[in-house]
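First the structure, then my questions, so here it is.
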Amino acid sequence: MFSVKRLSLILVVIMLAATMFTACSQSSNTNSNEINVGLNYELSGAGATYGQDTVDGIMMAIDEINAAGGVLGKKINPIKQDNKTDPAEATSITTKLATKENVVAILGPATSGATKASIPVAVKNKVPLITGSATADDITVDAKGVKEYGYRICFNDSFQGTVMANFALKNMNAKSAVVLMDSSSDYGKGLAKNFRETFTKAGGTIVEDEAFIKGDKDFSAVLTKIKDKNFDILLISGYYNEAGLIIKQAKDMGINKPILGGDGFDSPDLAKLAGNSALSNVFFSTHYSLLDKDATVVKFMDEFKKKYNKDSNAFNALGYDLGYFIADAIKRANSEDPTKIKEAIDATEGFKGVTGKFSIDENHNPVKTAVVIELKDGAQVSALKIEP
Amino acid sequence: MEQFVQQLINGLSLGSIYALIALGYTMVYGIVKLINFAHGDIFMVGAYVGFVSITYFNMGFFPALLIAMLFCAVLGVVIEKVAYKPLRNASRITALITAIGVSLLLEYVVMFFAKAGVRTYPENVLPNLEMTILGVRITFTQVCIFAVTIALVILLQFIVHKTRVGKAMRAVSMDKDAAQLMGINVNNTISVTFAIGSALAGAAGILVGVYYNSIDPLMGIIPGLKAFVAAVFGGIGIIPGAMIGGFSIGAVETMVSGYGSSLYKDAVAFAILILVLIVKPSGLLGKNTREKV
Amino acid sequence: MKQLFSFKNLKYSACVVALFGVIQLLISLNIFDDYYQITIATICINIILAVSLNLIAGFTGQFSLGHAGFMSIGAYACALITLNINSNYSFFLGIFVGAILSALLGFVIGIPTLRLKGDYLAIATLGMAEIIKIIAQNLEFTGGAAGLSDIPQYTNWVWLFFFTAGTVVVIKNFINSSHGRACVSIREDEIASEVMGINTTKYKVLAFVIGAFFAGIAGALYSTYFYVINPGLFGFLKSVDILVIVVIGGMGSIRGSIIASILLAIVSTYLQDFPEIRMILYSLILVVVMLAREFIKTKKINLDILNIKKYIKTNGAR
């Protein structure tokens, strides 16, 4: 009997030793012909949609860069890891990427929670971390100051919330609004909060404040409730998965008020979920418009469709830009030293990506133009540029 | 008043879906005393099978419904044979963890093949009709969902109470050993139960796909949980209880969103559940069994 | 006194101190670098959670699916205190308040729900945890869905070890006390123990409160180690994760819970290298382990390592 007990202990020890060994061997096999870039993404769990979409975009960019000869004469080697949409796991993976895999920079995570947990680790290990979709205001800067190694290339909540509130007030002469937000995501809550603040400060009133959670499919109860209320616009603060269904159910029910949203709307799935006929009188802010016929955008959309056999969305585009953004920074730094790359990121001026032309400001946010897009019968009919 | 009736209808169509999933939960629980956490994911698989047969094989609603039910029935039986049968005499918590393992497996296998993003059913699988009676709006899809649910429940009641298989099910759920002694093939009976329960979940899956037009690999978690709540609410192991539970949860949710705060709709549903359990520990229709020493 | 310094106790204490020394040495030599330290932190927090749930589910036989709810109370209390009170003692105050609040909640919830049995109790505790999650999602001062971030990292390896060892010692001693034996008797046969004059409600609630207290500590340690907490972390799946550890380690086996916590953390680090199929592999492992355990048990093969003590007992008695 005791031998069995001892056996189990030995087993545990062996496994511990084995992990150590594999981990050590990994760190030693850095290929000097490759530049390691870490991808810390939500490949499973509640945020898997956003993580997988961003990774698709990043991989496409890296494949293109490598096919064109890479950077500094070396190929970029993406090291992909799954953080399960769990901040603790994201912390662990960031540490692993920074200390064991010798990455020069980390891309991701996609959700704000996992990003917030990862940035302190990136700062501690002095590896730049760039997120493509964590929009919470305090991701890159908080009361204690700017997070030295944390960056993003997407809008933050206060920018988009303000843009949409001003659009509602000035362009649509709206006086009253109903806010319907995704209370389970900080994106939904952050956008709604900033919209509410700007809108009420300028004299608008919020008639009704309602919420849903990610994964809800039936919104008829809330929509029935607001149907007979008197309001000018409906703000849906959330992602396309739920927004598409809300728009469909609202139009079916006969709610024909203008519907506003943020870049969470920007996906071909919005039209699939809502149906083209319902997608009229819908406005949302995003990074780029299809009406621009910008060469970069058109090329990206064609290539993406060819590669993945589906239409691209905002997450794909932001991921694609992340890939080129880091390659650009490495090139300008002319070095594989993370600190030098960080300095190059700081100095980013007029980077031209699919999601627009942008620079990085002192708060590590991109300075880029937003466009407010109007949808009619499922197609983009007008785009209004709004400077930051 | 109009709004109230409208909300009631909203609640009933949502509740039908919960009821269909809850029926499977309750049947499986009644017969093997297992909380089959993979049930919500069988519902998801049903939605995907329906999606594939409608989009890629251009089937109509009813053929797709049958295929989804059939596929889920087979899946349910396979899961039972492979994962649950060896654990029939193990502690219930062991079986529960296995069920959770199966649930994760289904979710992530589907995610591996279909990716995490949403898929959308084509429009007009069912004719896009609607009518307005006294200011209350009812769509054809809502009527269909309600009708399919009621039809399946009646069929189920018939099977359980009027057929030999149903009699065997009731016998096995009362006393497995005694049933075996009476010459009932317990293994087959349990398989049939899993098949029927899973087929109902599959039906719910395709109904959700058609009604809401959006499916994703993790769509089974929340409805699964709520259906489980509904089953317990009505008295787990009791077929009419599951239906009443499903409709009640659906109605509570819509009423809270409609007249209270949508922020707390799930919290209220859970709070009512806890209250019901405290007042009547075996659920609404559950019989209080006397403890024997 | 004599009992306190018995040979067995001294032996165990020596082992604990030695373990601490070895790991401390490995950390200071930087063989255990940051990455291992995070894994160790996860292991320690999971041990506290699993051992405390084991007291409720494994020893007292009360099937709880809401342990993550108690964890979240501790996590939020400690995070709010360390974020708002800037003092050297705020960490300890946070842990203390978190644990007490969590225990208090355990008491308030335990009294009505512990009348329920088996699966009904499971669903009631699950509902309770979901309600806590939804409330945290909607309150202003808990940060809503975004939760709280930039929580100062007070927790380090020393405190983790201290609290983990403390939890194990306290729960182990509780189980070996007359109160603990009362709890075990409830698991074995509630009616019989009631007949024997044991106040079953009192002991069930007591086990629940103690379990909640330590879950609160685990939550507090979590929030001050991983910088960020949000309501989504403490959902149904977290409760299930804890339960998985308890069941794999063996219901009613503290040693099992500890070993299972370590093994699962190691498995998880291995799985990090398979990002695409990570969850598929994990779920397969889960199912296979459960089936294999049962297979071994029914075939009477003497390899049920994790349940060894119970095994010896049941077989020795024959």
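Letters A, B and C mark the chains in the order given here, with residues in each chain numbered from 1 onward.
As a convention for this text, a residue touches a chain if its C-beta (ideal position, glycine included) is under 8 Å from a C-beta of that chain, and two chains touch if they have at least 3 such contacts.
What you see is a predicted model, and the numbers here were worked out from it, not measured in a lab.
Contacts between chains leave no pair untouched here, as each chain touches all the others. In terms of C-beta pairs in contact, B-C outnumbers the other of A-B and B-C. Between chain A and chain B the centroid-to-centroid distance comes to 35 Å (mean Cα coordinates, whole Å). Distance from the chain B centre to the chain C centre is 32 Å, each centre being the mean of its Cα atoms. Counting partners per residue, chain A has 44, 46, 183, 211 as the residues that reach two or more other chains. Contact of a single residue of chain C with at least two other chains is seen at positions 137-138, 276, 279. Multi-chain contact residues of chain B, defined as those touching 2 or more other chains: 108, 111, 263, 266. Touching chain C in their complex are the following residues of chain B: 29, 35, 83, 86-87, 89-94, 96-98, 100-105, 107-109, 111-112, 225, 228-229, 232, 236, 263-264, 266-267, 270-271, 273-274, 277-278, 281-282, 291, 293. Put simply, chain C touches chain B in their complex at residues 57, 63, 112-113, 115-120, 122-124, 126-128, 130-131, 134-135, 137-138, 191-192, 195, 236, 240, 243-244, 247-248, 251, 276-277, 279-280, 282-284, 286-287, 290-291, 293-295, 297-298. For chain B in complex with chain A, the residues that touch the partner chain are 3, 6-7, 10-11, 13-14, 108, 111, 115-118, 120, 123, 130, 137, 139, 208, 212-214, 216-219, 221-222, 253-255, 257-259, 261-263, 265-266.
On the chain A side of its complex with chain B, the touching residues are 44, 46, 48-49, 51-53, 183, 210-213, 215-218, 220-222, 224-225, 228, 241, 244-245, 248, 252-253, 269, 272-273, 275.
Here chain C touches chain A in the complex through residues 31, 33-36, 38-39, 42, 137-138, 144-147, 149-150, 153, 222, 226-233, 259, 262-263, 266, 269-270, 272, 275-276, 278-279, 302-303, 305-306, 308, 312, going by the rule given at the top.
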